[in-house]
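Just so it is clear, A, B, C and D label the chains in written order, and each chain counts residues from 1 on its own.
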Amino acid sequence: MSATTSTGERLAHRRDAVAEIDRGSLSWPLAAAAVAAVATVVLLPVGRSEFAGIMWLWAAALVAVLGLNLLLPVESWNGIVVKWASLAGCVAFLAVFPVGRTNSTLVDLGLFVVFAIVCVGLNLTHGFAGKISLAQGAFLGIGAYVSVLLDTGREVAVAGFEGTLPDLPFLLAIAVAGLTCMVLSVLIGFPALRVQGPWLAFVTLAFNLLVYLVLNNEVGLTGGSRGLRTLRVDLVVFGVDLFETRNYYYFCLVFLLAATALVWWIVRSPWGRAFKALRDNPGRAASLGVDVRTYTLLAFSIGAGLAGVAGALYARLIEYIDPRGFYIGQSFDFFLATVVGGLGTMVGPFIGVSFITVLTDRLRFTGDYYRVWFGLFVVFMMLAAPRGVAGSFNQLRSWLRARREAAR
Amino acid sequence: MTKRPCWSKLAVVLVAGALVVSACGGDDGDDDEASGGGGGDDTTAECPDGDSVLMAMPYEANQPAGENWRLGIEMAVSEINEAGGILGCEIELDAQDTQTDPDVSRQVVADQVEDDPFVFLGTVLSSNTIVNMVEAQRAEIPMFVGAEAPAITDRDENGDNDFIYRASFGVDTASDKFVSYIADQGVESIDVIYKNDEFGAGGRDAYVAAFDEAGIDVGLDIQVQPDQTDQSAEVTQLAGGDGDAIFVFMTEIETAAFLDEYQSQGLDKPLYGGDVLSAASTIALVQPGAADGTTTHAGLNASAPVFAEWKEAYAEFHPDADPPDHNSIKGYTIVHVVKETVEQIGEFDNSKFSDTLHCATLTVDDEPGLLLDVSYDGNGDIDRESYIVSVVNGVGEIVETVPPLDNLDERGC
Amino acid sequence: MSTFIQISFSGLATGAIFALAAVGFALLWQTAGAINFAHGEFIALPAVIMLILGEMQPTLGLPDWVPVVGGTAIGGPLPEMGIIVAFVLTIPLAVLVLGWLFKVSLVDRLLTPGGDDIPLVIASLGLALMIREYLRVEFGAAPKQFESVFGNDRWRPGGIPVSADDVGVLVVCVLVILALQLFLRRTSTGRQMEAAAQSPTTARVLGIPVGRMVLYTFAINAVLVTVAALLVAPTTHARWDAGISLSLVAFTAAIIGGFNQVRGALIGGFLVGLLQNWSGYYLSSAYREAIPLLLMILVILWRPQGLFGIAEERRI
Amino acid sequence: MTEGAPVVRVRGLTKSFGGINAVDDVSFDVHDGEILGIIGPNGCGKSTLFNCILGQYRADRGRVELHGRDVGRWRPHRRANAGLARTFQLLQVFESMSVRDNLKTAAQEHIGTIGGRLFRRPDMGLGDKVDRLIERFGLGHLAEERAGNLSYGQQKLLDTAMAFVSDPAVVFLDEPAGGVNPTMLGDVRDRIRDLNEHDGTTFAVVEHNMEFIFGLAHRIVVMDQGRVLTTGTPEEVRDDPRVLEVYLGG
């Protein structure tokens, strides 16, 4: 009997908490402070590099877009115009700003794009379907290694087996990398997705550590800790020479736009509702005919597949991969970016990734302690805006709307 | 419930305050550096940056190796600046942490390239250097690295990089020197234990190749994992090996754990290994006597008598730091290598670096800060005398001085 | 056979260290619902503090000419405090900072009843980074030796190496965890703490001061991490990044043993230590860390209360 | 009404927890078009019975037949799609979604395949149907409101509406009167009766508010300690001395 009471208690509490947030009464001054802090950091008077400068504008633009959306009610026609205009603006930004930049700036921007693909996928898995995953770093790694091993005709020796791997076209290698991750995620997800919350976090964490061990130890296959050179030489897709960093950046950007469009499509399709339903209340969803297991695996494997594709792009972007790059720290970064940006919002992952790729660098001017400040910033963000930047904007918006309605 | 808003306000004020203070603090720091840079008084017209020369130092702040590298460089820079700089130009140092993350290190080097430094001093870890050296190469800025992986100076692998220079032996050079010593000790077969990361595995590869070449049989080939403090299983396996000796290639923590376990199990085969095995920083971590009898080849070992005077100066300059190790000496000497080369060129023109430094020998007579005579071959690898060090009563002692290889003509010259 | 005993004993000694790392983590998760990804750093921090305090030479603020009392000059600097005094001084500090401050500033604010765990997990990741980087900057990147309180004696009975530190850590670890278990099960305060953990509302109705009980939990955790630091640091050394591997081991051991039982951490720690050494010797050194991880996955999927935990409502 | 064909036939259903039979060899039928009440003292296994029929628990033994097909081994979503809808004792709606989306979610899974659904229009042509149901349940002004923001009574209405939207063969209501303001009880009863009479929806209702259920059900199953004590019309049950004994003695 006590078991059911405690479940009931938790449900009741949860309902209260949600209601409280939705009424906008949950420490909105703090949320405002969070926004102010974000703005302060974005506007910090440092421009160490070209990349930092671009990302400064980018982050400022995102915040401005959110601000506009905040002031104009979405339902109104103005709101819709602002929404589409800002979307077009963001795409144009990513497309136009790389013009005339140095190669290393383009690589940095490319990193932003690649990580954004991972986080857009993770946002579907975690933000919309509610399945926490600390294994995105591992999927990134699997994607990277699979693609590199499949399109170079490398000779390998693993577990007594020796052979020459095929030399697939790059696009096919990317597709295989994504599919491999999807299959693997279904294999581990099938048993693992019976558990939720922290348990799922620990299962995926352990999976990531295991993948790391395999990458590090199967020297015959992966080159082990010495890593693999993955030069872009001779990489031509549809007649475009990807050796040029600029071309490769746009190549990655196409994947980001496609990934974003895919997730956007899914979220507004009936699948999106099913995902949200099983995030909010899996038991109730099942009783209404939602195939919880299939949908969960779908959400998990789409996230993993996007991470795999991103991994394939990442390997050729950095032109060197080694297992340390796919350790749990990488997964923590993706997790952090998605949550800090705002779970379950389309713009959240972009904000989050801007922060992890730029913020530590921006804080360098504080001297030796710069990463301490970064840690403090993360802690503070969680205190002030537990639903992330975009989540806080939404909170502020409903609060403003409630005020407007009350005034009427 | 009434308490909550108080808390939130307090937190906001605190963090906002902290951000402001940190911002101010950062600015102050910059100002100090700027005002400190105005000391040069003679021939300043040639300096690349007003009256100073900018040197970029990307380094692994979270690794002991990176930290010691920085301390060594800071000492050299301060001494040189006090003595009037290089050709009258103050050295301005831009130290940036790479977090030991290849991506970040590449980003850091790329950012520093935009400030157009005269040279790069760093990085120290091979996995980082392999990634970030490309940026310096593209910008045609000489880069002096503490990293030891053979691939870094291999012209087939680094795309004919004319801008990369080592501060110490590559592990392939070191292994050639050391293995001939080991063979001279009558060792015919050897068991190997190494740390399973980029450093340990790279060292193991180079040494196993050298053992093969020297006709020494490699028996057991065992790895330990990073941070593994309980090595009883691995040491027990070693105890059952047939080798005449054991070769160890790990970093401090794992080496210390290994030596403790080795002593506990009462094993007494001779131990040979990379620099770390007999380094002071390792001896400081082990049980008394556990490091005794270990023998290493040390390119730059702080216990060598040549460095005695320098060590005192170091202790004076960094009173709070740990005693210097080979990385501190690497860092210290490399600044002087730059100074001597520039003085030979006669102007700050880093395009002339490779012509001047490749296949050149720099001597202590010309530049005492080099501490030892050093030659650079055609690939940026070095040659100089080195030492076989053995630990006696907890102190590293030089048992043999290995002369330079003197084979520059075989190495790209 | 003696090889087996040898590596098993060594595994147990290392397992004791893992258990010490795990027990505080399990306690916080069980009784406060707080998953602390900074747990390893909570152990690394007091170790460094103790090392620094231990090397301090306190003065009483008296001038040098104050005469000698009982053979010791009490003017001027006194001898180094030593690790035991440092330990005693560190405990209240830890209770204040790692216990009270952690609770009121982070856990209380982030762990709303029924809300999700994610904000606290993220905040503890940030906190871990803060502690780590702070230690690195202030204390340096190089590891420092931390003397064992049990001395350096070693013996080899029957060819099996045994050190005073191994034995001391094993004994103290078992005693500490059993004492904690007894405290939670047998004393009225302990039972109130458990009640407060299991159902705060019911406990409140029964008149149990829930807030204070949760505070006790954090205070006990702070003491536990300090004790763990004292015992663990001679093996891991005092260093800035010791927390990363300690955290991982703590999760693994706590989950395998069963986090709803304090003694589960003990069993989980021993199991992880033994498994690592056995697989290191009999299977492959390369995958010594993989076996406990696989076991952890299996445990979560099929026996989430832990191998030796008590089954209860599956709160997942 | 009792002479309709059995839609759901439960036979020998048994479920035990740790050696105690929470549901013990239970058999009964639900006929088309009726309202079946299931009553019994607290802890008699009513909710467990529902959970076994609808798949939240897997029964140890016994059959659950829907239109003659054994669905007893199916996972809950399949049973739901086959026509077994339900509400829970604790009300459960998707708090973060709007009222309209809640209902669309409840309806969409009955149409097409998962793969096909990805390419359907977002509202899957359910807009009109959902809007009609919203109006019918008096939630019209709240259609775009987040479900978590509704009052308890409104959420309860939404919860019930979600069980209906897919035109199920039988709706299993777990304590529809629980937590409802006594003055509103009649309203709830009228609504159920209305759905039964106008739409021909079949109901199985677990309830321990006796007055409520006696005024609503056509037939009543009385449970005690996991077993079926008796079955009959409200009048028969009321007059059965064993029932009185169970309630007074239990």
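Note that in this section contacts are C-beta pairs under 8 Å (C-beta built on N, C-alpha and C of every residue); 3 or more make two chains touch, one makes a residue touch a chain.
For clarity, every value in this text was computed on a predicted model and none was experimentally measured.
Q: Does A-C or B-C have the larger number of C-beta pairs in contact?
A: Higher C-beta contact count between the two pairs: A-C.
Q: Specify the chain with the shortest distance from its C-alpha centroid to the centroid of every protein C-alpha atom present.
A: A
Q: Where centres are the averaged C-alpha coordinates, which chain has the largest centre distance to chain D?
A: Farthest by centroid: B.
Q: Just how far, in Å, is the C-alpha centre of chain C from the one of chain A?
A: Result: the chain centres lie 33 Å from each other.
Q: When the centre of a chain is set as the mean of its C-alpha atoms, what distance in Å lies between chain C and chain D?
A: For chain C versus chain D, the centre distance works out to 50 Å.
Q: Where the centres are mean C-alpha positions, what is the separation of chain A from chain B, in Å?
A: Centre separation, chain A to chain B: 36 Å.
Q: Quick check on chain C: which residues sit in contact with 2+ other chains?
A: Within chain C, the residues that touch at least two other chains are 109, 286, 289.
Q: Residues of chain B touching 2+ other chains?
A: Only 11, 61, 196 qualify.
Q: Indicate the residues of chain D shared as contacts by at least two other chains.
A: Residues of chain D never touch two or more of the other chains.
Q: Draw the chains as points, connect those that touch, then say whether the picture is a line, ring, star, complete or other.
A: Other.
Q: Strictly by the criterion at the top, what is the full list of touching chain pairs?
A: A-B, A-C, A-D, B-C
Q: Enumerate the contact residues on chain B facing chain A in the complex.
A: The contact residues of chain B facing chain A are 4-5, 8-9, 11-12, 15-16, 18-19, 22-23, 25-27, 29-30, 61, 96-97, 99, 101-104, 106-107, 110-111, 113-114, 127, 130-131, 134-135, 138, 149, 157, 196-198, 200-202, 205.
Q: Using the touch definition from the top, list the residues of chain A that touch chain D in their complex.
A: 1, 8, 11-12, 14-15, 18-19, 22-23, 265-266, 268-274, 276-277, 279-281, 283-295, 298, 344
Q: Taking the touch rule as given, give the residues of chain A at its contact with chain B in the complex, in rising order.
A: It comes out as residues 27, 29-30, 33, 36-37, 40-41, 44, 48-52, 102-105, 107-108, 111, 216-217, 219, 224-227, 229, 318-320, 322, 324-325, 360-361, 364-371, 373, 376, 380, 383-384.
Q: Along chain A, where are the residues that touch chain C in the complex?
A: Going by the criterion above, the answer is residues 2-3, 5-7, 9-17, 132, 191-192, 194-199, 201-203, 205-207, 209-210, 213, 216-217, 332, 335-336, 339-340, 343, 368-369, 371-372, 374-379, 382-383, 386.
Q: Could you list, by residue number, the parts of chain B that touch chain C in their complex?
A: 7, 11, 61-64, 66-68, 196, 222-225, 227-230, 232-234, 236-237, 252-253, 256-257, 261, 263-266, 281, 284-285, 287-288, 321-322
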